[in-house]
Every structure is written in structure tokens, then in C-alpha cells.
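Listed after this line are the structures, all set down as C-alpha cells.
Two complexes are shown next, each including chain A; its partner changes from chain B in the first to chain C in the second.
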Partner chain A sequence: MPLDHFRIDDRLIHGQVVVGWGQPCAIGFLVLVDDEVARSDWEQELYRMGVPPEMDVYFDSVESAARRLPEYRADRRCGMLLTGDIDTMERLVARAPDITAVTVGGIHHKAGRAARLRYVFLTPDEEARLRALAERGVTVTAQDVPSASPLSLDALLRGDGSG
Partner chain B sequence: MSERPAAIVAGHGGFAAGIVSAVEQVTGMAGCFVPVTNAGLAPAGIDEALRRALAESGARLIFTDLPAGSCTMAARRLAKEDPGLVVVTGVALPTLLAYACGSAVPEAVESGRKAMQLLEAPRAP
Partner chain C sequence: MTGDAQTPALPLHLRAAILLRLLAIQGVWNYETMLGNGIAFAMEPALRRLPGGRQGEAYRTAMARHSGYFNAHPYLAAVAVGALIRAELDGVPAAQIDRFRTAAPGPLGSVGDRLIWAGWLPLCSSLALLAYGLGAGPLAVVLLFLLTYNFVHLGLRIWGLHAGWTQGLRVAQALANPLLRQGPAHVARATALVAGVALPVAAHALIGPGRVLLGSVLAAVAAGATLVTLLHGRFEGWRLATLALATFVLYTMVR
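== the complex of A and B ==
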């Protein structure tokens, strides 16, 4: 399975990604797309420290990720691309229209957000942006860990975690 | 026995509260630990929870559960701002027991390392 998992997760690289997905899916590389992290050696080192040596981590801005996507797609290892918010994923999809599926893996509570799932809290604007992504032809689902069933965008916005 | 300096224990789900309750059960001396969970929190929320726990307890030490975990990331960012803050990750019960019972941090860490063993099944005679 090559790079086919595009995940929005405000924690970026963390336990669920490295262990929860990394081990059962034998993920060989992560692509962390964040303009700020891409400019900070210290932040990159922080994220790299949490990743086992057999897993590569690549850091990109939105621009460089869009440019390097064909290279990542050609990698025969299983890979996951991460953004920390909907806005970053939206900008990436605008530059890389061959991204056809996006998973909401974790958008946690902060002021102004309402709970949709245990691991997804959204503002009205964020909801509208997820719908806009879907209207562009991107399949948007929610799934925190591999053992959970992916939920459709409608189920996510209804707050229906049972499906 | 002298009172131990306060320490934060931070991790996923109910890990921190659970391991602190285990220390209490074994030693009756878990009062130095302040549990913090990352459950439901965005990175900014984890940062805030750790800052609050540090401020309220006066702790200068954070134990976390997983090197790649979001609590560890948040703790390391705090330690960057405050180089006197010590972060220990991959914590296990023997480490906290040793700390609660008076070991210095390096010795407590070593206790955790040494306690991890593969116990082979005894061979039939």
C-alpha cells in the first residue's frame, strides 16, 4: 500500500499515528505538512525523536509537499501524509487535485468548536470547509484508529459515531 | 520519610490516573504525583493543562508515557522554554515507585529499565 492516507490531525505525529497506525499498517514513512514546522529545525527534531528509526519522516510546506507528491506516491512503502488543520489540507488539495480521499483523524476541543465525535470538534466554518472539500470530489471520512470503522462526512457532521 | 518533590505524570486516556493509583496502592505515597490526561485535548489544551499542573504543584519534573505521544511533545516544548524542567518519557510503574520511595530521577529511570524482563516459562524437568 503506497501513500494513500491523507490525515488531518491537530496533534500531527503522536502515539495514534506512530503506534496505532504505524505498527499494524507497517507505515514506512510519514510526510508532515506544516509551513511553520517546515521552517523550524527544532520542531522537526522534536517530531523525529518520537518516531522509530525504521520510519522516515519528511517535512514539507504546502508548496513543497504538492511538488514532491509524485515522488512520495512512487515510494513503494506504505506512507501517511499529515496536516494539522483543515486549512492546510485544503490548500494542499487545491495544488494536488489527485488527492481524492482525506481522513479526519483528530481535531480536538477549543473555544468555538462543538463536539461531533469523541475526537472531532468543529466550528461552523470548519464544517463548511469539510463540505466544500467533499463538493470538490474529495471523499472525507473520520477515523481515529485502524480498528475503528471509517465514518462518512454526513455521519461525522451528525455526530453519529455508531456507524 | 521526607516528602518527595512534586512531579507531573502525563499520558493517554486514563494512564496517568491509573498508574498514580497503582503507586498509591503499593506504597501509600502517591501524593507527590499530579496526573494529567491528554484525552480530548488539542495540543494547545495539553500545553495549558501541563502549565497549570506545574504552576499549582510547583513540580519541576514531568513523567510521560510514550516518546511519540502528544504529552511528551508538549512537555518538551515547555522544557525548551524552561531548561530546568526535566522530562522522562516511557515511564512505567517501577520508575514511579522508585521515585515515590526516594530515588533520584536517574536511579528511578534505571529501576524502570531493569524491571522490564521477558519471563520464560519454566521448562518441564
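== the complex of A and C ==
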């Protein structure tokens, strides 16, 4: 299964991604899309230490990710693309309309955000942005780990964790 | 970026106070800030050294900053605590500290999950199970588990605080340690080997030579496996394990 998982997670590369998804889905590579990380050597070095030696990690800005997406899709290994926020994913989808599904994997608490699920906290603006993504034809779901059932955008915004 | 200059000494009593507090780092864990409050609590003794002491603005600002959202593996959070203390005491700009607080949790969580939750914990459990199967008494089994597990657990916290303090925000160099990079794969192989030996040996010890319970045990295993498969994605594993454990306790009491 090639690159088909586009995940919004403010933790970017972490245990849930590398162990939770990486092992059962045999993920071979991660694409981390973040304009600031793409410019920062020490942050890239840090994130690189979070993945096992057998897993590749590529760092891209939104522009370079959109440009290299066909290359990533042609990779025979299973891959996952990560952005740290909705805004970054929104900009990527605008440049790569062939992204048809996005998973919200974790957006955590900060001032102004309200709890929707135990791993998703959103501001009203972020809710509107997720709705806008869905209106563009992107299937938006919430799912933290593979063993959990994906929740629809409606269930996510209702805060209905039971799906 | 800290870590390049000559490392100042972290007094022993201060190190001991931080280590003690690190043991309680999950004490006020919650879904909003996760480890955040624990991180600030562990750093607090060192932050008193900021200009102005406990009444100073720098202390209050740092405590507020570090009480915010932070999610990492609880043992490897010691690396972040050491690095953040060094950065605060060295006067690293707040923006750079904030970038580190955003970037560090993921890798620290990932390394810790692979090494401990997916590696060392199952290995120690398998070792204890093997000891039980080989005839060790209850106290010996429990002690074997606690000693082997906590040897690495406590060692990791002590090493983490030292590595973080020494490297400052350049802790990626510390995480490049071969034990952390290659260790999880070796531990996983060892776990597979030990579990493969321990399970039949422990089952034999549990069922005994008469095989009276063999049919019941096999039926329970088959029913459990079916249940887990049917409930996949709808029921969290820890709830199922707790339910099974409670049922077992009730059964032994009634029996």
C-alpha cells in the first residue's frame, strides 16, 4: 500500500505514529510537511532520532511536498504524510487536489480550543476549516490509532467519540 | 543553542530533587496539558536559580511556559527536563525554547514507546512468566520483574536528566546513542525468544501434568481470541484486560 495516509497531528513524529501505525501498517517512510521544520537542521535532526533506522523520513515545505507528491505516491512502500496543523494540510490540499482523504490524529489543547475528542481540541475557526476541507470533496475523519474506528467529521465536531 | 559551551555542574542535591520529582511526572496528567504540569514541577527546584529567585519575573514566566501542553514518554521526559533547565539557566531566547518544546516531545515519545512499552516491558514480563514456569515462588517472580524492569526504568531517567543537562537543546546527539537507536530491535528479538519459551513453560506449570484443565484453558483462549477479533476497533484493550482480570479475581474468590 503506497502513500495513502494524510494525517494532521500537532505532535508530528511520535510513538503513536511510529509504533501505533508504523508496526501494524508496516510503514516504510514518513513525509513531515512543515515550513519551519523544513528550514531547521536541528529540528530535523531531532525528528530523525524519533524514527527507527529502517524507516525513512523526508522533510518538506508545503511547496516542495506538493511538487514531490507523485514521487512519494510512486514509492512501493507504505507511507504516511504528516502536518502539524490544519492550515498546513489545507494549503497542501489546495496544491495537490488528488488528496482525497485526511485524518485528524491529534490536535491538543491550547487557549481558545474546546475539547471535541480526548485527542482533538478545536477553535471555531479550525472547525470551519475542517468543514471547508470536506466541502472541497476531501473525506475528513478522526482516528488516533489503527485499532480505533475512524470517526466522521460530523461525529468529531459533535464530540461523539463512539462514532 | 546550548550544549556547546563547557557544561556547568548541576549540584548533586539539585539533581536528586529533580530526579525525585521526575518519578511523579505523571501525577497530574490530563488530556489538556498531558505531562506539562509534571515537567514544570520537575524543573521547579532548578528554576529557583533564575534571576530574582522564586519571586522573580523570570521564574514565574518559566513556570507558566513549562506548565503548558507537553507530551512525551514519561521516562525520556527526563531528557527534555534536563535540556530545558539548561536552556532556561543559560538564558536561551523564549522563542527557541518554545520551538524545542514543540519539536522534542514527538521523538522522545517515539523512542520511549519503542524501547519501553513495545520492548523492555514485554521482555521483563516474559522473563517473570518464564521464572514462574520454571517453578520460582510468587515473591521471586515479582522481585525478578520489579528489579529487571526498574533497572532500565530508573537508569533511563538518571541518564536522561544528565544527557539533557549536558547537551542542552542539542539532545538529538544524545538520542543518537546506539542503545536507543538499535536497542529496540534487539530487545524485540529477545522478547520474541523469551516469550516463545515462557508461554508453553508457564502454561505447563499452570495446567499441571494431569491436563485436567487443558480443555478449559484452550477453550478460554479460543473464546478470548474470538472476542478480541470481534471487538477490534470498538473496545479498548485495557478495558478488556481489566474485565478479564476482575472476572478471574471473582472466580477465585467464589471458588
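Just so it is clear, the second predicted complex is superposed on the first by the 163 of 163 C-alpha atoms of A that agree within 3 Å, B and C clash if a C-alpha of one lies under 4 Å from a C-alpha of the other, contacts with A are read in each partner's own complex, and residues count from 1 in each chain.
FYI, a residue touches a chain if its C-beta (ideal position, glycine included) is under 8 Å from a C-beta of that chain, and two chains touch if they have at least 3 such contacts.
This structure is a prediction, so every number in the text was calculated from the model and none was measured.
Under the clash rule set out above, the superposition-derived model of chain A with chain B and chain C contains a clash between the two partners.
By the document's definition of touching, of the two partners only chain C reaches A:148; chain B does not. In the superposition on chain A, the chain among chain B and chain C reaching more residues of chain A is C. Judged by the touch definition given at the top, the superposed model places A:53 against chain C, while chain B stays out of reach.
In the superposition on chain A, A:23 contacts chain C only, with no contact to chain B. Of the two partner chains placed by superposition, only chain C is touched by A:37; chain B is not. In the superposition on chain A, chain A positions 11, 13-15, 17-19, 42, 46-47, 49-51, 108-110, 118-119 are in contact with chain B in one complex as well as with chain C in the other.
Those residues of chain B whose C-beta lies close enough to touch chain A in the complex are 12, 40-45, 66-70, 72-73, 76-77, 80. Chain A meets chain C in the complex at residues 11-20, 23, 36-37, 40, 42-43, 45-53, 84, 108-110, 115, 118-119, 121, 147-149. Per the touch definition, chain A reaches chain B in the complex via residues 10-11, 13-15, 17-19, 42, 46-47, 49-51, 107-110, 118-119. By the touch criterion given at the top, residues 1, 31-34, 68-69, 71, 73, 99, 102-114, 117-118, 169-172, 175-176, 180-182, 184-185, 232-234, 236-237 of chain C touch chain A in their complex.
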